[in-house]
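You will see chain A twice below: alongside chain B first, and alongside chain C after that.
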Partner chain A sequence: MGGQTLVTGVIGSDTHIVGNRILNIGLEKAGYQIVALGALTPAEEFVDAAIETAADAILVSSLYGQGELDCRGFRDLCVEAGIGDILLYIGGNLVVGKQSWESVEQRFLDMGFDRAFPPGTRPEDVVAALEADFARRGAGGRGD
Partner chain B sequence: MTRSDTALTQERIPDDAFAAMRRDNLARWPTGAAVDLAEAVAFHQALPEHKRLAPVMRRAVAEGRCLTQPRGGVGTLEGQKALMRTLDRDGMADIVPLTTDSYTRNERFAEAEAGVAESERQGRSMLNGFPIVNYGVAAARELVAEVEKPTILLTGTSMPKLTGEIGFAGGFSGYLGSGIAYTVSYIKELSIEDGIRNYQYLDRLAALYQEHGVELHRRQPGFLTGTNIPPCIAIMTCVLDALLAAAQGVRNYGLELGQCLHVVQDAAAIAACRELVQEYLGRLGYTDVFTPVTSLHWMGAWPYDDAQSAALVSWGGALAALGGAASVTTKSVHEAYGIPTAEANAEGLRMTRMAIYLARSLRLDGLPEYEREKAQIHAEVRPIIDRVLELGDGDVARGTVRAFEAGVLDIPWSPNRHVRGRLLPARDDAGYLRILDPGDMPFPAEVREYHAERLRDRAAHEGVDFDSPELAIASVYEISEELRRLLPDARSA
Partner chain C sequence: MQAGHALLIDFGSTYTKLRAVDLEARRLAGSAQGPSTIATDITEGLQQALNALEARLGALPAFRHRLASSSAAGGLRMVTIGLVRDLTAEAARRAALGAGARVIGTFTHHLTRADIATITDWQPDVVLLAGGTDGGNREVILHNAAALGSAGLRCPVVLAGNRSAADEARERLGALEVRTAENVMPRHNELNIEPARAAIRQVFIDRIVEAKGIERARERLDAVLMPTPAAVLEAARLLADGAGTDRPGLGDVLVVDPGGATTDVHSVCAGLPAEGVIPRGLPEPRVKRTVEGDLGMRHNAATLVETVGIAAIAREAGVPEDTAEAICAGFAGAVERLPQTDAEHAVDAALARLAVGRAVARHAGTLETVYTAAGAATVQHGKNLSGVSTVIGTGGALAHARDAGSILAATAADPHDPTSLRPRAPRFLLDREYLLYACGLLASVAPETAYDLALASLEPLAGGEPP
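Right after this comes the complex of A and B.
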């Protein structure tokens, strides 16, 4: 498995880079090509980078609570740019304050993300999800 | 003439140039028009002493007290008032904070405005702090009037110029942030040079108030990226930022250190920080700068278990008190989940306060391990600072920029493109934070060996490769691990 190209970064005005760096190390080890945009990355930059590198997925991190504002319309941006069915993941501390994960997850799935990951997710979990999703898509189109 | 046309220097910004810079700065957002220095000076002078942070910090040091201060900011004025009241009354905070939101930190004031509207519409804060520039001077004064304590701005930004103007004019008497520390930890593109220039403005502004008889408290955030920062790295930035602030005329300058969570290392770091900053200030001719040290509750990843977090909060109070810190900045059991409720925040303050009380008479002075660690930190900081001063031909600002370019200064896990980010820290078997890979920092051979030896021991015990980042990564997660992994019960061990 592996070999696909993944765009990663921390969205919005967020500088929390540590977990994202560790994620990149884990994804690289699993054989993926990583386009690492780093901290403080606007949504548009994720989409531009995905087009430029013909990426197979965009992995968005958000740790500072304002992800809910930053991610509004993310799927629409992809649609407008012609990559409407790209695999979209989000993970981190996605909202302000302590809220139930189920409601947070649903909110981001409704926004068009294929998966949302809670805080504390390890690179291995992301690799497992990618493998499952790529396998499903490879075997006959999109999984949703 | 704009300042950026001239070469970067540590020199005090001249009066006329500064007046022009202030005019340009205050014109950047409508609320800037309400800033009037003479009127703001009068406002500060009318505040009782217990609401002014500079004298409150001086008194804490004179009396050997460890003050408590939380963080806290929400997106609406009424919400912020309620939060500050709760922290003051229920939390017994000695210093009441205002944390700005991340749009404000990045000077995206239009987006902050939209966030305020959205927060009010939804009836919950959509912002992770208070957008003070959008609200302006009068609202800031309403907040100051809400509490009977000194107030400090926590703004996590390398662009403090407008936030600082509004905040100081609004009666806030403390401001956390500095040109080196925040530029290496809170922004991706901004150069170290521009970050230093931005804080030269803020420091010069604080000095301007001082010239008019109002002493403000400036403070340096030595916690940097908050992720396993070895004391020597934090203290180097404290020294350099303090020298830059002193050059602009600041005389009340706090220094912050994130806790390593090792009782000996943290106490040694607090003492070494105080000593080294004063040593270099003295060497450059600044003999009257007051530099209290603040200890910060764990700044890395927190556990998702309230009980484990409660231990970290309490332990953090004890570490600050027995290390002799002038104040401690607190967290709460909600830390892993993001921003705490006002009640949880107040509870974190009281947990910390009880721990300070219990540890009040403990000191490690004379303990061999403590003295050795303190001497070790001195031996780590001096060669690097001396090299930075050399690189700048005596100019701290230029030396700092060149040192980052050359990798002489490096910060672990930095988001900034102008930082090499090759240095990797990890925790040793005894719980000290050590340097796994020094990157290109010119530490003496014996310093490198001291760190490597201790981490080689851990790598050997755990059977992991010393020459990989594995120990550094494990150390990032460590404190947030579940208890059953950290310390299994005796039966299953």
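Right after this comes the complex of A and C.
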């Protein structure tokens, strides 16, 4: 498996880059092409990068608890830009305070993300999810 | 060491300008100009200019090199096409500007029928078609290639997009003349504009010279090498980087050219962020040219007034608003007009200061403070010019100004606006003899001579040190 192009980055005013780098290394090892946008990335830049590189998925990280604000309208942005069917993942410390993971996950799924990952997710979990989703969608993910 | 003379010609929109250089003495032997006669026979204006040069020198030397640049007949008019505005479309625009082109339109995403009609109507000299990273989006560049291929365009196309789509795009461009270059953005956020620049320049040499009616002068020349703005950019690169082993160059350089229609800014520097500052957006080219179409002092005087406001111009010039307004209106209607009265000089200098100040502010990057959970972070957008040590002014407006130093001072950083990354403490030099373009041309055959000539001709301003 692998070979698909993935856009990764840390959204919003968030400088936590270490986990994202570790994720990128794991994804690259699994054979994916990584377009790494790094820290402090606005939502629009994820979408622009995905268009130019014909990416198959966007993997958004958010570590500082503001993920819900930063990601509001993310799927709509993709729809507007003509890549509405792209695979969208989100992961990290998505909210502040003690909230049940189930409610947090549901909130991000309702926002149009295909999957949400809690803190402590390992790169191999993400790879397994990608493989399952790409297999389900058919080889090549989105394609053109 | 080369002996003999070189003749450097600028076929401009109004004048045919000549600079004769003594290669051994490394100095300007003489200057002359004639009218631009591109509409009838370009050799007429050239002959008049040569006659004037002969009268000045006594006799014309046998020229060892005869090189020309041209901004005649509207310059190199280009349309650039990319996919996303801030990515491949911006990279394509930068490649065209760096090649000395006048970018008359930039298009993104799928070209519509209306876009194609507009482009066909404009009759550009060259179209630069980009889009998609290598292995990335193919669909849009293929759509656009097919649309251009069936549009009835006549001009050559430089194809510099997704290399996985290059062969098919070429086929879809049909009968159009196509030059393929490396992708202007091979990977996301990786700028690669030199190959496209070189391809545009080759098209200029092979095709545009003919299309613009310059070929009649061909037997009197070795070559028409590049558009005049590209020659100025070459001179900036030469001054920054030096020539040979014992001419290390001046380091980071900025060149401003406030003209009648536009204000051009050229920079040669890495422009990287200061320590701890996080860069954002497309990386900046080390050799960068920008053109501000709304900041011109004659053809666009009205636009400049609209952009900065008559009140700012009057305040800057120290004249009443109605006086400033009348003088600006006069300038807008009289393109070749030089200032006569004191008030006209004051308004002219004010226009120049505002034009170069704004143009450099747009060319330069900016700092933004972002508040993160871990505290404040500083982000840089664009190119950091704060370390630029030399600012050079060129063009008629500066050469004729009473106080060019005060105009060039408007390029420097403003302590009241620390977010604008303009040169912090530069020295100012003036290209009073209008030799930069000539040095840019000469650099292609005698870089060391061109370097020495450029250095010797630049005049330090405002008590600065000579270079």
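The definition used in the following text is that the second predicted complex is superposed on the first by the 138 of 144 C-alpha atoms of A that agree within 3 Å, B and C clash if a C-alpha of one lies under 4 Å from a C-alpha of the other, contacts with A are read in each partner's own complex, and residues count from 1 in each chain.
Everything below uses one rule, namely that a residue touches a chain if its C-beta (ideal position, glycine included) is under 8 Å from a C-beta of that chain, and two chains touch if they have at least 3 such contacts.
The model shown is predicted, which means the values in this text are computed figures rather than measured ones.
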Under the stated touch criterion, which partner chain does A:Val95 make contact with: chain B (first), chain C (second), both, or neither? first
Does the superposition put A:Gly65 against chain B (first), chain C (second), both, or neither? both
In the superposed arrangement, which partner chain does A:Val35 touch: chain B (first), chain C (second), both, or neither? second
For A:Gln106, select first, second, both or neither according to whether it touches chain B, chain C, the two together, or no partner. neither
Check the residue A:Glu52 against both partner chains and state whether it touches chain B (first), chain C (second), both, or neither. second
Does chain B (first) or chain C (second) touch A:Ser13, or do both, or does neither? both
First (chain B), second (chain C), both or neither touched by A:Ile25: first
In the superposed view, which residues of chain A touch chain B and also chain C? 13-15, 39-40, 64-66
Under the touch definition given earlier, write down the residues of chain A that touch chain B in their complex. 10, 12-15, 17-19, 21-22, 25, 38-40, 64-66, 68-69, 93, 95-98, 119-120
Spell out the part of chain C that touches chain A in their complex, as residue ranges. 83-84, 86-88, 131-133, 135-139, 185, 187-189, 278, 280, 370-374, 377, 379
Interface residues, chain B side, partner chain A - complex: 101-103, 105-106, 108, 115, 118, 124-128, 185-189, 225, 227, 301, 304, 334, 336-341, 413-415, 417, 469, 473, 476, 480
Within their complex, chain A touches chain C through residues 5, 7, 13-16, 33, 35, 37, 39-40, 48-49, 51-55, 64-66, 144
